[in-house]
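Have a look at these structures, which come just after this line.
Shared chain: chain A. Partners: chain B in the first complex, chain C in the second.
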Partner chain A sequence: MARLLDIAIGGVLFGALYALIAVGLNLQYGVTRILNLAYGEILLIGSYITYIFFKDFRINPLLTLIFSGLVTSVLGILIHVITFRRLVLSAASAEELEFRSLFVCFGLILLIQNLLAHIFGVTPIGTPYLMEGVEIFGERFKMNTVVAAILSAVVNAIMYTLLRFTKFGLAMRATAEEPVGAQIIGINILKIHIASFSVGCLTAALAGSMISMIYSNVTPYTGTIYTVIALIILVLGGRGSFIGSIVGGLIIGCAYYAMIRVRASLADPVIYILLIIMLLVRPRGLFGRQ
Partner chain B sequence: MRMMNILPILVIVLAFIFLAPFFLDVYNLGVLRETLMWAALTASWFFFSGLTKYISLGSAAFFGTGLYFTALYLEQSIFLKNLPALPLPIIVVMAGLLNFAIALAIGLISLRLKGIYFAIATLALGIACQGVFNYIVSDIMKTYYTHIPPFDLQTTYYTIAIAALVIFIIIYTLYRSNLGFALRMIGENEDAAIHFGVNASLTKTIGFALSAMCIGLMGGCYTTIFTVTAPTIAFNLQFSFMPPMMAMFGGLVTFYSPIIGAVILSVLRNYLGITFVHHFLIVLGIIIVIIAEFMPEGIVGFVRKIVRKLTMRSLKESEKR
Partner chain C sequence: MSRLNNAAITKLQAIIIIVVIIIIAAVAGIVYQLFFYRPPVGVGLPPRDKVVVGIVQSLSGALSPQVTMYHPYYKWVIEDYNAKGGLYVPEYGRRFPITYIEYDDETDIHKMLTLTEKLITVDKVDLLFAPCSTGFVYAASSLYEKYRYPVIALTYGSQAGAEKCRKGELKYLFQTLASPSEVGVEVRELLEYIRGKYGADAVGNVGIIYHLEQHGVEHASAIFGELALVGFNIVLYESYPFMTTEFKPLISKLIERKVDTLIICGYEAMFFVREAKAMGYNPKIMIVGPSLEVPGMTFGPLGYTLDDVRGIIFYDGWPSASYTENDVLKKWAEDHKVRARAIFGNEYAYPFPAAALFYSGLQCLFEAVQKVGLDREKIRDALVTEYFDTILGKMKFRPGYAPETTLGGTLSQWQYRYMMDTIWPPEAKSAEVIYPKPSWPPS
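Moving on to the complex of A and B:
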C-alpha cells in the first residue's frame, strides 16, 4: 500500500515535469507544423544558462528561470526568422515543410550540441538545489521535484489562460486548426508562428532549468532524450491538444516512475510499447482531432 | 550505355578498395573502413527514406541491434560456449533477418499513418532497443560490457568492405527494381501511386524492412572492430542522425549522390574532425542548415546545376560565332 502511494505521488510529480517538457513542443508542432527535433537542445540551453548564473554569480536557480526564459524566447524568434521562415514561405505543402524542416533541425542539433560542448565541455553538470526531502502523506520526495511540479502547474495554467481567454490565443488556435481560413480572416500567420515557436522555446528552457536542478547529469548530448519524451507525449496526447499534453505527460510520468521502482532497465521499452499501442489503437492521440 | 560510362570509374574504385590494405597505413585504412560503413548506411537509408520521403530516424536501432546481436552471439559461442560456434557471415545474416522482422512489425503499425508518426516511432525505437539490450546485459547477464574475440585489422577491413559492396549491390538492384520504382512513386505523390494500383502500405513496409535489414548487416559486420562493447556504444544516436545528414549533403537525387555525400563527410570528419572536433561539427551544422534551406538537391544537384549552366553558356557563345 505504501508502495502504491509512493508510485502514485511520485508518478504525478514526475508526470508534471514531463508535462512541462512536452507543452512547448506540442504548441510548436500544433501551430507551426514544424517538428522541432532540436527541442531537447533548446531545453539544454536553459539548463546551461541556469548553470552559468548559479556557478559564476551564485544566483538562486529559481531566479535564473527569468534569464533562461528570456534568452531562449529571443533565440526561438531568431531561429524561426533565420531558418524556418523561408521554408514556411516557400514550401508547397505541409508534408514538404515537415520534410525539409527536419533537415534544418539536424543542422541545429549539431550546431547547438557542439557549441555547448565547446563552451562548457562534456563533463556532466548540474545545479543541485533544494535537495532536501519533503514529506507528502508519509512518503519522502525531493523538494525540487515538488517545486518543478508546482512550476509546471503554473506554466500550464498561464498557457491555458493565454490560449483560451485572449485574442492572441484565439488566433493561435485558429492558425493551428485552419491555416488558410485564419489567413483569410486577416490573421498574420507568420507572426503567430514566430510567437508560438518562441513561447515553445521559453517553456522548454524552464523545463531545462528544472532538470538541471533535479538531475545533476546534464551533458550537451542528453537533449535528444527529452525530445523523444516530448514526442511520445505528443503522440499519446494528440498533436496540438493542450489538455492532451498534460494528460499524456502524467501517463508517461506515472508509467516511467512505476517502472523505475519495479525494474529500471525496462522503463524505456515499456514507454515504447505504450507508444506503439497508441499508434495501433488511436493514432490521433487521446485528445487529438481527426 | 550509361553503364559503360561509369565502368572505368567503378573498376578503379573497386581495385582501390580491395588493394587498399597493401599500401595504406593503419590509420588511413581505418578511415577507409569507416567511410565504407557510413556509405553503406547512407545508401540503405536513402533507399527507403530518400525515395518515399518518409524520414526514418531508426538507423541506430537497426545498426545497434545488428551489432549487439552479433556481439552477444560471439561472446556466448566463443567465450562462454553456450551456443554452437557459427561462421561470422551466418551470424550477421541472422542479425539482418532479426532486423527485417522488427522493421516489418514497426512499419506495419507506423507506416499506415501519414506525416510525422513514422519519424517519431523510429526515433523512439532506437532508445527502446537500447533498453532491451541494456536489460539483457545488466539484468540477465549481470555485467556492463560484452566481450568480443579480437580480429586483426585486415580481416575487419575486408569484412566491412565486402559487406558494404554486398549492400550496395542489394540496394542498387532494389533501386532499379519495380519495388524501387513504386517507392519513388509514393515519394512523388502517394495518392496517385495508390490510384495506379500500388499497394502503398505494403510497399512501404517491405521497403523499410529491406533497408533495415541492410543496416543490420552492416551493424553485424561492424562488431568485428570492437573487443569490448556496451549498448550505449552500439545504439549511439549519431547512427540515426548521420545517415540522413550525409544523404542530404550529397543530395537525394540519384543512387550515387547520397554515397558521395557520405564519403565526403566521413573523410572530412576523420581528418578535420580529429583536430577540431567541435569546430568541425559546428561548421557542419551550419552547412546542413544552408543546404536544407537553399540547395534541396544537395552538393551533387548543385554541381549538376552549375555544369548545366556552363554548358548552356558555351552553347550560346558558339551559336553567336
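Moving on to the complex of A and C:
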C-alpha cells in the first residue's frame, strides 16, 4: 500500500512538471507547425538565468521565475522574427515549413549549447533550494519537487484559461485549426505565430528554472533530454491538444516514477515503449485531432 | 760501411714490423669502436625542434565536465617540464620544448577514434595522452596497440581491459586507477575491519546500487563478489539509469530493506546525497564512486558543505593521496589550489585523492622519455620495468593493476578538512575511519 501511495503521489508530482514542459512545445507546434527541437536548450536558458541570480545575488529561485520567463519570451520573439518568420513567409506548404524549420532548429541547438558553454562553462550547475523533505500522506518528498508541481499546475491552469476564455486564445486556436480560415476572418497569423512561439519559450523557461532548483546536473548539453520528453508527451497526448499535454505528462510522469520504484534500469525503456505503442495504435495521440 | 749494414733490418723484418703495426692498429681501433666510441648525438636522426604530444578529449558534450575536472594535469605537466627547459631527449643530447595538438571529440566515440588516428598518422605526434572515461579509452586501446603508442590512461578503470593487460593482449595501455577487482578487495577489507572493530552488527544489511555503464557494472559486480564471499548480508543489488537524478523511489527501497551500508557504483552520488538528505535516509556506512571527491566541485557548484559530506567514503581514487604525506605533496596541494582556481572559480580547488596519481602517471611517461628516448617500444618497456621519481614517490606501472607507488592509500573519506583523508590500508592512512557516518546536518 505504501508503495502504491508513493508511486501515485510521486507520479503526479513528476507528471505536473512534465506536463508544463510539454505544453509549451505543443503550443508552438500546434499553432506554428514548427517543431522546435531547440526547446530543451531554451529551457536551459531559464535554468541558467535562475542560477546566475541565485549564485551571484542570492535571489530566491522562485522570484527569478518571472524574470527568466520574461527574458526568454522576448528571446523567443527575436528567434522567431529573425529565423522562422522568413521560413513561414516563403514556405509553399506546411510540410515544407516543417522540413526547413528542422534544420534551423538544429542550428539553434548548436548555437545555444556553445554559447552557454562559452559563457558558463560545462561544469554541472543547479540552484539547490527548498531541499528539505515534506511528508505527504506518510511519504517523504523534497519540498522543491512539491512546489514545482504546484507552480506547474498553476501555470497550466493560467494557460488553459488564456486559450479557452480569451480572444487571444481563441485566435491561437483558430490559427492552429484552420490557418487559412483564420486569415480570412482577419486574424494576423504572423503575430499569432510570434506570440505562440514566445509563450512556448516562456513556459520552457519556467520549467527550466524549476528544474535547476530540483536537480544539480544542468549543463549546456542536457537540453536534449527535455526536448525528447516533450516530444514523447506531444505524441502521446496529441498534437495541438492542451488537455493531451496534461494527460500525457501525467501518464509519462507516473510510468517513469513507477518504473524507477520497481526497477530503475527499465524506467527509460518503458517511456519509449509507451511511445511506440501509441504510434502504432493511435498515431494522432489520445486527444489529437484526426 | 759494414757496421751500417749489420744494423739495418732485412726486408722480411720490415714487412713483419709493418704487419704487426697494422694488426695492433686494427685491434686498437676495434676495441675503441666497441667500448669507447660515442657517436655525435643526433647524427642520422631527423631534425627536431620540439616534442609533440597529441591529445583527443571531450572539450564539449556530455563528458566535458569530467575532462574539465580530471584532465587539467595534461597541460600542467607540459607546463612544468617546459618550465625546466623542456623534455630531455637522449638521442639528441638536449632538451626540447613540449607542445601539444589537441582535438575535441565532442563526446563522440567515433570522432575520438578518427581524431586519434589522425594524430598518429597525419600529425605524427611523438606521444599520446588518453581521452576521458573508461569506454573511450577502452575503444582507443586498439589504436594504441596497432600503432604501438604507450599511453597512460587517467580516467579509466575497466576490468575487461585489465584482464587483457594482464594476459599481454594490451601492451601499450597503462592504467593509473585500480581495476574493479582490486577495488572490491579493498572495500571488503575495510568492511571486515569495521565489523571487527565495532561489532558484528556494525555493517548490517548491505545495499549495492550501480549505474548501467561499464564503470558501475564492473565495480558493482566485483564488490558484490568480494562481499558475498565473506558472508555480508547483501539485501539489495540494483541498477539505475546512467546519470539519473531521481533517487527517491530507490531510497524508499533502501529504507524498506533497512540498508545500513550503502555502496553506490557510479557517478551519481552527487545527486543521491541531496535526495537521501531530504528523505532522512542516513546509512551507517556510505561508499561511493567518482562524483563527490573533487573539492572545487563539491563545495562549489554542487553547493555542499563539509558537514553534508562528512563520513562519505570514496573507492575510486587510488593509489590516493591525502596530501599530508610529505612536504612535496603538501606543496603540490597548495599549488593545485592556486592553479585550479581558474577551473572552479572558488577557494576549494584542492586536489582530489587521485590528482597526484594522475600527475605522477604523466610524470612517468616523460621520465621514461628522458631515460630511454623517443623510441616508443623502449618507452613501453621502461614503463613496466623501471621505477620513476614522481610526487607520489617511486612509481612503476603493473599491466592490469594499479601502479606501484611509494606513497598512497586505497580508500578515502571526507572528514574535517577540504581534502579527503586516506583511511585504508592501515599503513597508509592519514586518519581513522569515521564510523558511523554522522547524521545529515539541518538544511
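Everything that follows uses one rule, which is that the second predicted complex is superposed on the first by the 290 of 290 C-alpha atoms of A that agree within 3 Å, B and C clash if a C-alpha of one lies under 4 Å from a C-alpha of the other, contacts with A are read in each partner's own complex, and residues count from 1 in each chain.
In the analysis below, a contact is a pair of C-beta atoms (placed from the backbone, for glycine too) under 8 Å apart; a residue touches a chain by one contact, two chains touch by 3 or more.
All of these numbers come straight from a predicted model, not from anything done at the bench.
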item: Room on chain A for both chain B and chain C (clash or fit); value: clash
item: Partner chain(s) touched by A:265 [first = chain B, second = chain C, both, neither]; value: both
item: Partner chain(s) touched by A:131 [first = chain B, second = chain C, both, neither]; value: second
item: Touching partner for A:233 - first (chain B), second (chain C), both, neither; value: neither
item: Which superposed partner A:213 touches (first chain B, second chain C, both, neither); value: neither
item: Chain B versus chain C as contact partner of A:6, first or second or both or neither; value: second
item: Most chain A residues touched (candidates chain B, chain C); value: B
item: Touched partner set for A:35, first chain B, second chain C, both or neither; value: first
item: Touched partner set for A:276, first chain B, second chain C, both or neither; value: first
item: Touched partner set for A:199, first chain B, second chain C, both or neither; value: neither
item: Which of chain B and chain C A:95 touches, first, second, both or neither; value: first
item: Segment of chain C that clashes with chain B, given the candidates 132-140, 150-158, 348-356 or 402-410; value: 132-140
item: Chain B and chain C footprints on chain A, overlapping residues; value: 113-114, 117, 263, 265, 267-268
item: Chain A - residues contacting chain C, complex; value: 3, 6-7, 10, 14, 113-114, 117, 121-126, 128, 131-133, 139-143, 214-217, 219, 221, 257, 260-261, 263-265, 267-268
item: Residue ranges of chain A touching chain B (in the complex, touch as defined); value: 29, 35, 83, 86-87, 95, 98-104, 106-115, 117-118, 224-225, 227-228, 231-232, 234-235, 263, 265-269, 271-273, 275-276, 279-280, 283
item: Contact footprint of chain A on chain C as seen in their complex; value: 60-62, 64-65, 68-69, 107, 212, 238-241, 243-246, 248-250, 252-253, 270-271, 274-275, 277-280, 297, 301-303, 344, 443
item: Interfacial residue positions of chain B with respect to chain A in the complex; value: 53, 55, 106, 109-110, 112-117, 119-121, 123-125, 127-128, 130-132, 134-135, 138-139, 237, 241, 244-245, 248, 277-279, 281-282, 284-293, 296
